[in-house]
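The structure under discussion appears below in the form of structure tokens.
Chain lettering (A, B and C) follows the sequence in which the chains are written, and residue indices restart at 1 in each chain.
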């Protein structure tokens, strides 16, 4: 497509899209602004907030003091990293099998794995809750790591499978001829070649686990609560809390927002199970 | 094509994943079905007698079930309508040549990465609060009566919040699909005398049909399970006006401790999701062959 | 050492038999070429020897040892793939070192062999590059380098030249032949190109639909093709195969005569025809001649400077000693 586009048309496009983009982004932008205001200033009229008030970082300190941000942050971190890497450990061999030693039933197995992702969480809430209670892993990070690993496992396997399929089988056969054992073949050849795909898989699954808000809310109380639950505690506030809520929200979404920006492309592939490329 | 050794290695390597997912699916699922036939309340310990279809009967005849079903359908339908229509417009716009496309795109998709509890609370307080929210301030400036979103239009408010979160998803997928459209096809149509509108309806829309279906199906799966946004904003109220099926089951099982009733609801939710899932799986399966 | 023997080997994929039971012996140090049209099972046969596929029935012996159940890594064979199958994330040096690393050969020994292989294959200047930065011919050499450092019992080549352009192919052909002369290690080479087979092989195995049609030296196959398939496959341009009254005259169902074994004369001959299209190669010229009474044109070789034109009438005489006769079952008649 080598066609000239007039400057004026390009300007119109830019302005229209820019306005829409800014509108979508505005709530995020707004809480960033509010988080640097005092509680008294944060409830004023928008224009006054923007131009008539000073800036402060005190809310960030208050949030940490009031509800121990770092504890929740580390819970979120451990749960999302833990579930992703545990999932990877189980998914890599499975995806290897399906991509390089396909059998007649491979497709069915893959579809069945995906179908487990379609199970509405609320349909199994009661038994999972009771099982966790009886095993004593309610409100533990390891309990959440297991649940989130299981709900994201189909996506991890699926994404790895599509990436692995792009690697020519001859290269793995070459490794086999070169005397590599199965483990060496996977460690020295497959994984290094699949690094970009594996990185996006990891990224997407950290995002999904970080933002998961059904199991994390229902299976945790005080101890293992990640940031989703930490924020939910602001739903019954005392007194003025906009600045604090904003600061807490910014801290809860900032890390994952940045990861999300880097993984937009993979997001499509991962969330549509390859149905849209 | 492989050897016996590699095939048995493959079976060995896939089995942890298969066993885990099988366990994850079968154990809770059969327990849910089993519980749904028991009179089983966590606050009244003792025997849990088998009661047949009683739980289903009570769950289905409960007026809040009917309300929850209607709310679920409105929520899913409303969000789908907004996100698909908006997503097509957004995708078409973002597909145009412009400056700073990367940054605009990043801004437009950001809401998808905001965790549900944050978006629920931020919209509820900073935007929809009739006194201190931006919309409230806006109404004051215009000298009109501010809307009390969560009392006057609670379900619509939830729909708007959820749409804000999912619009980026629809946009991103439709944009990806749009970019895979063969430019020469469009140019050929232009040569054939097709105007912008007929190009859109005769070439772009049919090309997008598949992506739109995927968006609808995947979003439906997730939207049926909307939970956190309701929990942090309305708790299902006022009354049951924002209670969807997921929230209703949560209330009966974890707030009223009625395991039997909650499980019966769970079975219904699974059936509902499966109807959508069947269509989705068909589409993915077709793609797998290609 | 690299004596490979297939005894009663058979291969099925599901219900489909790709290779019906066959026996084959590959002597130590020989350059053996498997040749045949695509889909004839030659690559599958190679993969059976490599251990990348299981035999359905039969035994694969390497140096007298039963290797049927051994994984590829344990067969002491090295393979060069059609796509080269280099490890894209490793430098040339690491690629070549990989099989030695897997075999846990000491570092110094590895260095020594890499240096030697790089010298032989003209890769010394490229050792620190990635495969992606190399030309097709260089990649091919890296793949060969990776194979020779293992000092295998035999080399397996799976259509290694098919991704190269014509000029490079001739060069690599010579290099591989030279490598074989120097190493004197068994090489098994799969190709669909009969020119490669004729120029490189000590022994050619012609395969068709999984069946060995003939095994022999290039000249044996050229001089005495055992059946119609081999007659048509070996030799370029193809042997003329004539049916009908011409063949009956020689007491056969079909007779074959190579273009180079037909004498051209302006005055007289056994057959009379008109000149069709011609291909001037400089040293030789090939004519298509429409002979009276023949269903299909006959290809004829003449000198490069022969003066014949489209539409000219000429006379042809086949050399009776070079005539191949075949019966109804397409087998050669003595």
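Note that in this section a residue touches a chain if its C-beta (ideal position, glycine included) is under 8 Å from a C-beta of that chain, and two chains touch if they have at least 3 such contacts.
Keep in mind the model is a prediction, meaning the values are calculated, not measured.
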item	value
Chain occupying the most central position, where position means C-alpha average	A
Centroid comparison with chain B (C-alpha atoms), farthest chain	C
Distance between chain centroids, defined by C-alpha means - chain B, chain C (Å)	60
Rounded Å distance between chain A and chain C, as computed from the means of their C-alpha atoms	54
Centre-to-centre distance between chain B and chain A (centres being mean Cα positions), rounded to whole Å	16
Touching two or more other chains - residues of chain C	52, 71
Touching two or more other chains - residue numbers and ranges from chain B	2
For the chain C and chain B complex, residues of the former touching the latter	13, 51-54, 71
Footprint of chain A on chain C - complex, ascending	50, 52, 71-73, 77-79, 81-83, 85-90, 98-99, 102-103, 146, 150, 156
Contact set on chain B toward chain C in their complex	1-5
Residues of chain B that touch chain A when the two form their complex	2, 6-7, 9-11, 13-14, 16-18, 20-21, 24-25, 27-29, 31-32, 35, 90, 93-94, 96-101, 103-123, 125-127, 132, 134, 137-138, 140-141, 164, 167-169, 172-173, 176-177, 180, 183, 187, 210-211, 214, 218, 221, 224-225, 227-228, 231-233, 245-246, 249-250, 253-254, 259, 262-263, 265-267, 269-270, 272-274, 276-277, 280-281, 283-285, 287-289
Of all residues in chain A, those that touch chain B in their complex	1, 5, 9-10, 13-14, 16-18, 20-22, 24-25, 27-28, 30-31, 34, 43, 45-46, 90-91, 93-94, 96-98, 100-101, 103, 107, 109-131, 150, 153-154, 157, 182, 207, 210-211, 213-214, 217-218, 227-229, 231-232, 234-235, 241-242, 245-246, 249, 252-253, 256-257, 259-261, 264, 267-268, 271-277
